[in-house]
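Each of the next two complexes has subunit A plus one more chain, namely subunit B in the first and subunit C in the second.
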Partner chain A sequence: MEIITIEKKKKGLEVLSNKEDGKLQTHMNACVHCGLCANSCVYYNAMPEARFIPATKVELVSSIYRRYQTFSGKFFPSLVGARSLDDEAANEMVDLLFGACTLCGRCVTHCSIGVDISYVVKKGREMLSAMDMIPETLQSTIDAALESGNNMSIPKEEFVETLEWLEEDLQFEVNDDEAKIHLDEEGKDILYTLNPREPKFFPLSISAMAKVFHAAKESWTLSTKMYDITNYAYYSGNYKEAAVITQRLYDEVERLGAKSCVLAECGHGSRAFRWEGPNYLKKTYPFDVFTSVELLASYIREGRLKVDPAKITQKVSLHDPCNLARSGGIWKEQRYILNACVSDFVEMTPHGNDNICCGGGGGQLAMSEYNDRRMAIGKIKADQIKASGAEIIATPCHNCVDQLTQLNVTYKLGIKIMTLGEIVADAIVLENEESN
Partner chain B sequence: MLWYHWLATLSAVICLSSCIIHTFKVIRAGKPKDYAKPSGDVSASVRYSFTGAMHPAKKESAYMHLPTYIGGLLYHMGTFLSLFLLILLSLGLYPSGILTYILVAVFSVTAVSGLAILLKRISSSQLRALSNPDDYLSNILVSLFQLATVALLLSQDFVAVYYVSASLLLLYIPLGKLKHLVYFFAARYHLGIFFGSRNVWPSKQS
Partner chain C sequence: MPTLEIENKVFEVDGDGFLSQPEIWNDEVASLIAKYDGIEEMSEKHWAIVKIIRRNYEEKGMAPMIRTICKETGIRLREIYELFPLGPARGACRVAGLPKPDGCV
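This part shows the complex of A and B:
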């Protein structure tokens, strides 16, 4: 058990001490312990123990808040269940707030009161971060991003080489020697970002988007300096580090003079940059930010891309990334894309804003010590996929792709997992195809 | 005024001023500044947060737990109604005739609903793990007050018991979880802002 020093404890408690934050005060005081959120959580549903009830995670933080920030907690701690921040509490927080919550937010909309449970869990993570208690596995991913510019520490030469052979592939595929993957070009309409998993493990998703941009005649570029859309410091609760990562992408958009920044298919990265980033930096972006999902839908809607649903005849279902749908308001666009690009699209139940988390969010994929729990909660998604009867699962998030790939093996689903970019790229009817 | 009237009046003043302070504090603190460009209609979302989003068909906490949900709804209605009746009785406005018996029936049902929720908390090991003494005490005080209301409506002999139970409840409201009376509204407001700026609410999904 990690021992916390007085200094660390002080730093942790400071996170809860902001009297000017009405949201903090509200959500720390609102839970009534009805326990009715239990069945909305993948952890509880997979492992029905009291510690996995969302309210238990809330209580870990709010009981400490009560102890130090409320009259009754200071004077009658036992009566109101106010708890001191000690070694035991801090270690329990690490285990449950990092290791038993994907920050999917599903419990939030179902809570009988309206407690923002994932906000409270994030406050707890912020406390642990202030106390230097972020799991090492998660921190090492952040350190890699801070030190090398991308969370997989891909050297620039390797990245450029990958893009060069992808460009050759693209030219062959679209039968056009002028087709390009633009690098570090200034004054383009779009600066496109990537999840470093793409150059490392899934380069075809880069080719897919390059094909889409080519077909849509987009003015776009990638940066070789800062292309990483992920921001694992959003998960760790270290918002100073989150700000550094955000600032780098912000600076790159400015340096290249791009009109807008398009976020690759990455749920948490999109959320961290689009919604949380301006608050880390305390400024509103002077450029537009949108997701590639919105962009793909607009290309099809505006006729910039011609797609043929007959090209994808397998049954396709969709997994909505929590950060994109439930916490990002993007759920219509992916359906529009799939309805246009595939001939047999089926929904999972539930879906959209009420979708069930795949189990890979909240930084879980980076924290190998919780792998067993991650695979256990993923069974719920695996069962949902089986019930859909789909042969292809489309999902606009590389974290989800990774988790679904592991679920596919563990639960023998026999499915193919694709990003939306890949689906669209497969369904595109190129101009030279049309004329043939 | 008798001693129990004074006690109840004092308790009401303490309760009311504490609740006002809580409300004032949370309103004054306001919402955190959001630098992200909103993509939805925040006002519509706040309205939705208090209306459509509270619909039992939208909440697993309601439709997956219907008996508890209905019990909780009745219990809360009983609480508000009994506090309203306390004001009327304190002003000397007593119900009479059939209305008395209707109120007796209503408060009996709502008090039993409260006690059933208490029983559920006691009998479920998982709910026990989640509970602290405040959870039990809050329920007992509210249920007791509703039962005392029934007793008073049936017989004036219980007038002292009634005002004492009202006073205990009023004094306790600002201390424990009963102050969700204030924070419930604040929580719905903040959720409305959060989901509204991101165009998640009002939900347009079927």
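This part shows the complex of A and C:
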């Protein structure tokens, strides 16, 4: 067990001390322990122990809040269940707030009084961050991003070589030597972003989007300086680091003078840049920001892309990333896209706003120490996928893709996992195909 | 420290099953990890991929780009995913004895 110095504890407690933060005070004091959240949590469902109930995680943080921030907690702690921030409490926080929550927010939608449980968990993570207790496995991905400009430390020349290689593929695929993957071009309508795992290991999704942009005759570019949509500091609760990463992308959109920034299929990255980012930076963006899911849907809706659902005949189901669907409210667009691009689309149960987390969110994929738990909670998603009978699972989130890939092997699902961009790219009818 | 036991041999690994001491890696270790992942027999193509990854790691301290793997081995991208169903990171890099790469993998 890690021993925590008095100085560290002081820093952790400062996170709870903001008297002007109405949300903090409301949500720290609101849980009535009804327990309705229990069955909404993948951890509690997979491992039915009381400590995994979301309300327990809320209580862990709010009991410390009461101890230091309320009159009764300061003077009669045992009467109000107030708890000191000691070594045991801090280590328990690491285990439950980092190691047993994907921040999926399903419990929040099921809460009888609307406690923002994810917010409370994130406050706890923020405390641990102030106390320098972020799991090393998570911090190393943040450090890579801060030090190298992308979270996989890809050197610039290797990134450029990869895109040139993909451009050759694109020209072959669309049968057009003029087809381009634009790099660092100024004044385009769209600056597109990537999750570094795409150029590093999984470039099919880049090829797919390049094909889509080509077919839609889009004015677009990638940046070779700052293309990384991820922001793992959103997970760690270190919002100063989150702001540094956000500012870099903000600066790059401005530098290249793009009208809008389009976010790659990345749930937490979309959330961190589009919805949390203005709060990190304490300013609004002077450019538009939207997700590639919305963009793909608009291309089809406006007739900029011609797609043929007969090109994809396998049974396809959809996994909704928590950050896009539940937190971001983007869940109709995916369905619109799939209904247009595949001939046999089936839903999982439940789905959309009530979808079940794949188990890889909240930074879990990075934290090796919790791999066994991650696979245990993922079984719920694996069972859902089996029940759907789908051969292809589409999901607009690279983090989910990776978790589903591991679930696919672990639970022998025999499925193919694709991004929405890949689905759309396969369904496109190119102009030169039509004339043939 | 978690361990991974394959055919009575025990390896120290991280929670994701990546070797804690990449320097103990050799061909036998690679075959055992592959077997654990359901790759019964390492084919020539498996070896080609693993050796490129290992070489890059020893020279540069990190896994190569997928482009490098394709270029050096002549194996098509989609075939790499078929050869290592867990993907280049959790699959091939783990068999090559690398520590877990950072990022969404």
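Rule of thumb we're sticking to: the second predicted complex is superposed on the first by the 436 of 436 C-alpha atoms of A that agree within 3 Å, B and C clash if a C-alpha of one lies under 4 Å from a C-alpha of the other, contacts with A are read in each partner's own complex, and residues count from 1 in each chain.
One rule holds for everything that comes next: a contact is a pair of C-beta atoms (placed from the backbone, for glycine too) under 8 Å apart; a residue touches a chain by one contact, two chains touch by 3 or more.
Predicted, not measured: the structure shown is a model, and the values here were computed from it.
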item	value
Joint occupancy of subunit A by subunit B and subunit C, clash or fit	fit
Touched partner set for A:Arg197, first subunit B, second subunit C, both or neither	second
Touching partner for A:Asn151 - first (subunit B), second (subunit C), both, neither	second
Touched partner set for A:Thr141, first subunit B, second subunit C, both or neither	second
Touching partner for A:Thr162 - first (subunit B), second (subunit C), both, neither	second
First (subunit B), second (subunit C), both or neither touched by A:Ala38	first
Touched partner set for A:Lys23, first subunit B, second subunit C, both or neither	first
Nearest Cα pair across subunit B and subunit C, whole Å	25
Shared contact residues on subunit A - subunit B and subunit C	none
Partner subunit A, residues of subunit B touching it in the complex	25-37, 39-40, 49, 53, 58-62, 64-65, 68-69, 72, 124-127, 129-135, 137, 175-177, 179-180, 183-184, 186-191, 194-195, 198-200, 203-205
Residue ranges of subunit A in contact with subunit C within the complex	137, 140-141, 144, 151-154, 158, 161-162, 165, 195-197, 199-204, 230, 266, 365-372, 398-399, 402, 405-406, 408-409
Residues of subunit A that touch subunit B when the two form their complex	19-27, 29-40, 48-51, 53, 55-56, 59, 63, 71-72, 76, 78-81, 108-116, 119, 274-279, 281-285, 325-329, 331-332, 352-354
Residues on subunit C engaged by subunit A in the complex (per definition of touch)	14-18, 37-38, 62-63, 65-68, 71, 77-78, 85-90, 100-105
